[in-house]
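The same chain A turns up in both complexes below, where it pairs with chain B and then with chain C.
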Partner chain A sequence: MAVHSLPPDQDDASVTEAATLSSLYSFLALTMRYPDPAFCNEPFFDTFESLLASLDWPSELAELQTWRRQTPDRLDDLRTAYTHLFITAAPGGTIPPYASVHLDGDGTMYGRTTERTRDFYRACGFDLLSETEPADHLQFELEFLAALAGEAKFDDEERFLQILFRPWFAQFQKKSMQEARHPFYKVSIQLIDFFTKEEQ
Partner chain B sequence: MAMNLTRRTFLKAASIAAASVPLANVRAKAESGLVKAPLVAPGSFKNTQTVVGGVCEMCFWRCQLVGKIRDGRLLKLEGNPKSIDNGVSICARGNAGVKLLYDPDRLKYPLKNVGKRGAPKWQRISWEEALDTCASKLKAVIDQYGIKGISMFPHGSTSTYPMDFFEKTVGTPNISEASFAQCRGARDTGYLATIDYPPSEEYADMPNSKVILLIGSHFGENIHVSHTKQYLKGLENGAKLIVVDPRYSASAAKSHIWVQIRPGTDTAWLLAIMNYLIQNKKYNIEFVKEHGEGLGKMAEGIKQWTLEKAAQECDVPAAQIKEVADLLAANMPHVAIHTGRHSSWYGNDFQRARSMACLTGLLGAFGVKGGFVPPANPGGLGDYSWPKSGHHDKTLQELAGLYHFAPPGTPPDLLRETAITGKPYPIKGCIIWGQNPIQTIPNQEKTIKTLEQMDFVMCVDVMPTDITMFADILLPDCSYLERYDLIRTGTQWNLAEEHRQFIAPRMPLVAPGFERKDSVYITNELAKRMGYGDKIPIQTQEEGINKMLAGVQLSIEKIKAEDGIHIQPGKDPYGDMELTIEFYNEELEEHGYPGIPTYIPVEHPPEGYYRLLYGRSSVHTFNRTQNNAWLMAENNINPVWLNDKQAAKLGLKEGDTVALINQDNVKSRTTTTVKVTPGIRQDCVYIYHGFGSRNPELTVGHDRGIDDQSLITKLAVDPESGSYGMRNNFVKLVKVG
Partner chain C sequence: MQYGMVIDIDRCVGCHACVIACKAEWEVPAQYSRDWVHRLGPAITSTGMAYTYYPGLCNHCDSPPCVPACPAEKVNATFKDKKSGKTVTMEIAATWKDPFNGTVQVDRERCIGCGACRDACPYKARYVDEGLKDENSLGKVDKCTYCMPRVAEGLEPACVQTCLARARIFGDLDDPKSEVAQYVKKGAVGLTSKAVQIGPNGRYYGSKKGDMELLMQAAPQEMPKVSLRRSLLTQMSLTAKHQIKEIGLLGLAGALLVKSFQEEEEK
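What follows is the complex of A and B.
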């Protein structure tokens, strides 16, 4: 794992808060990653439930618990759901989790937004581990936010959210709420929205 | 959800109670996709590079490309300025390759179908699982049914390597290439049976022709850059253009003589021209004396084809047939009788191709300026191949005693029939590689039945297509912009100019995205798992290209240093081709086919129906470009061309929405609009082929326009070659809404 640590001059409270936020973003990034037994397991689902309980989201918690109870092979179920929602399925069924598809006008991948996103990562001292996937996948954007929070770069975090994240995520979320019938992904996307939207 | 909690207040609370939500423990289980990197100031990596070595595959012509790349991202495609073929020009489709590369609907990862064939539900799986599954399932078929239990439908350069593996090393005879039975098979075999030399659409020396004769070819709608340059240069140089087409095509619009022929009767028209030339001694007597065999038998056999008889059969004026014949005779031998390419039209196409070759011979137009001239392409490239296993069964056509002039491989009609009936043997495993048999083979129901009875179906493709819906395992291929896989060779586009040759291997312009793999990798991994690991001829695509280039003392590195194309002095392509023109072919007669070119009449449309004709849109390559956002922005539907008088009779007007119903009562799944025009005969209608894909995974192309193939249910198979005739179906128009 890439370690994102805080500079030593931060006070204890903000250090803890930044670390929590970073962990939260990392957790949310995992929910948008293709399910793998390395992380997608019972402790992961337990943590998910704890988070929902802490937030006092009882109906979402109940939905997730029902799904867990009724789904014997949860990994297999999530893999099929993830493929359907984010990789390939009938139109409307799939919501590509790439910013450029939603922002660049002609539904393209690797558009101008992909380039701007990677520029942003690099300008903040980060880059992608692999060259084979576009930088503007939701998972990477959340991992980037985790990295920024981990270093308490809250200005960069806010700027990234404002300029590059929210404009497409809002569209993605809207489509997802129409299509994402699977409780795990529906709730995950609601959580991402909650932790990334501007506070009123 | 409770909304009284904000992110800020939650974070504060959660910080205190961090232990109750063990986020950090979970987070530690997976590596982040992001790493620390040196700070890069904005703008410091903005250099756009020109990457050389691209060879287009938006169609089969393979123009040479360069890519404008920034930070690994392809921004733009252009013609390679060094090209002596397409030059700096590329067509609309070539430009739109960027959209194929980055199409969000493209296949990205190996997929397993956890739903049903035809109604798939996909799950992403690892390459290990995908390859293990494919190999074990194929092996299980071989173990139970023998090697001939395996079938393959390959298409394009990506499938050459795996096709070799399955055909030579595994040894299955059940291989059906779309480019043959559904495209150029009848043309190739008709010419081979006449001049014993394979034809090509590249052999028409149009820039230097005095007369260009196009039978069904519609340049302008069919755009291949250097070919279009040749055609236009010919017209610019004063060539007379004769276009035989039931429709006022883009080429007909430029023609000096437009022969608005009755569909299916081209051979009768050609026989009448040849008969007239022979009877009036207006053919190239010297050439025929030297190169012809059996002219007397042909002359005797076709003498019934008077101008008047052909006029009646073809529904064109006798005077016009004479005018064409005289024009050809007056300008021989500098006449380009274009061979065409897609020729599987009416089930009598071998005879048409043979007639065209005979007419070229009568005019002495082989090897002369403006005639049928094979370019002197560079030779000497090295080779590599999968070894032959020694286990080779007879093909189905050999077993059935049919289609004696078909090349290796199996006509799909026999393959489907065998799979469905299990006779003479079961076919239970199917590999589909780059082909979309649903939209290329007539009678889709039979294709679906064929797939339904398989024990295992695997597909390898770039995009979801109609056929990928029927896969058990679906593997993502690299596109032509992400792989090495062939070497394009040729000469300068105008054969009369300074003789030069070029060698241009396809090299990737960008790295493969996601988990896409090339066909060498996929095939080798299958081979290892199926027990053929020791037979693998090359380990990588690069090794294959270098082996071929080594034959001419070149390498990938050298080609890169030469900006993607090696150019060397060429040879004069003109001169005696040392051909024999078999106006009468004894071997044909021995197999029970006519020894001389013969017209086989086709059925006329029943009352109230129109013959369904199809062709190309200038900005599409059939279903391969159906999801391309740029090309669909230009042309996203295939209007049905209907004669204006017939439109008035039916009460239809321009832009009306219609469905089509064919003679077997098959109704189009979707609708299209009507294009009312005097530019088409009254007995036929016309639409672009390749629209109306049934695959809902295609966000842009799904159900756009009508899938003409769905209406081609009545089969007509060319008796000599086994090619399909796909223009023998009839439709009526039903207004919708």
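What follows is the complex of A and C.
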């Protein structure tokens, strides 16, 4: 499923734009996944730095570089940060990366929004490969956006962003900026915000 | 100095010789054009039936939106004024406004063919020649240059020279003695609208109110919305793009979703 096919009638510029955007969403999805040695490695961090450099984000780039320089076991460090930030921090300090927690009022997972999100995936011809996490987990939503961009379904992408993504991500991002101390997660969330709010 | 072009629509006969001359001079591929002639009308105007032509080209605007839209890497370039010998060094992307003659030019070598400048132009005066794409670009943008290489040799722009009706007049709008400045004094105006006020230096003159009404209706009514995201994506370096693509190719990105059975069943 990693390869998304494009309609043949797209012009070259849109094809490139769609492919780049799709790769970018996929990359951002990885940043929100539990750190795994299969992807959480030096090329991955190099890519992260290149992206920040080419977007001209010097302070974020410097933060990430400093963290890399000062952290010998980066995988372990990221796993600790991920667990703390998204799962086990003290009450009020955790920022669960699930839409329903932020949107459905009672702060619980697997709410109405989870179902609405999965319905949206299905309506666009996609479904989850495994049920290890709810459909409204941030990494799935980003992967879904990657799939839509990869098929140049920009209308569906915009609709998903407007209806299901931005309403909760804006809250998530606000809390993250208060709670996320780790430069990797802080910058990743800023990047996600940056690339998902532009066409609003 | 600000080069400009006046088009006297009283004189234009719609023969398209200007378009052909431009294509021949600059080897413009058949499917593209640096300039055009559109027929306007016949239509009812406030003064009755009118019918005219709209010969168009890049307006080399005072505030060209195509220039800031270009995401190509900037370089320092030095411009020299032939008359005074004065020089100006400034940072330019792959398209810029010349500080001395006011023309808007393109460096096709550095153009990445993203189409951002084309999309930013309300007059649709640019095209991307996708046939010229290479390792570093999706094609090359092109547009009217006011024939600067010809002008440098003391010639008129090709479209001006070829116009038998003498409907096209080229010159320095800042020189009050020039024919173009005289035309402006007489009432030649740029094609502008409430929303599009970017100082076009192509000016149109017509003595018939109905003709000018038709012409002004052909003016763009809104500024194009340039996709900020597209500009950001093109701004990303090729290295970053390749690296991100390679991460995606690991098969990890995108591996959590599948094409649903629902869709397969529908097929």
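Rule of thumb we're sticking to: the second predicted complex is superposed on the first by the 195 of 200 C-alpha atoms of A that agree within 3 Å, B and C clash if a C-alpha of one lies under 4 Å from a C-alpha of the other, contacts with A are read in each partner's own complex, and residues count from 1 in each chain.
Heads up, the rule we're going with is that a residue touches a chain if its C-beta (ideal position, glycine included) is under 8 Å from a C-beta of that chain, and two chains touch if they have at least 3 such contacts.
Since we're looking at a predicted model, the values are computed, not measured.
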Simultaneous placement of chain C and chain B on chain A, clash or fit: clash
Contacts of A:43 with chain B and chain C, given as first, second, both or neither: both
First (chain B), second (chain C), both or neither touched by A:121: both
Which superposed partner A:195 touches (first chain B, second chain C, both, neither): both
More chain A residues in contact [chain B versus chain C]: B
Contacts of A:57 with chain B and chain C, given as first, second, both or neither: first
Interface residues of chain A shared between complexes with chain B and chain C: 1-2, 4, 13, 16-17, 19-21, 23-24, 26-27, 29-30, 36, 38-39, 43-44, 46-47, 50-51, 54-56, 121-122, 125-130, 139-140, 143-144, 146-147, 195, 199
Footprint of chain A on chain C - complex, ascending: 113-115, 128, 130, 133, 138-139, 227-230, 232-237, 239-241, 243-263
Sites on chain A touched by chain C in the complex: 1-4, 11-13, 16-17, 19-24, 26-27, 29-30, 36, 38-39, 43-44, 46-47, 50-51, 53-56, 121-122, 125-130, 139-140, 143-144, 146-147, 150, 195, 198-199
For the chain B and chain A complex, residues of the former touching the latter: 1-2, 5-8, 10-15, 17-18, 20-42, 45, 70-74, 99, 101-105, 107-109, 111, 114, 121-124, 464, 511-515, 629-630, 633, 696-700, 702
Contact set on chain A toward chain B in their complex: 1-2, 4, 13, 16-17, 19-21, 23-24, 26-27, 29-30, 33-34, 36, 38-39, 41, 43-44, 46-47, 50-51, 54-60, 76, 79-80, 82-84, 87-91, 93-94, 96, 98, 101, 106-111, 114-115, 118-119, 121-134, 139-140, 143-144, 146-147, 190, 194-195, 197, 199-200
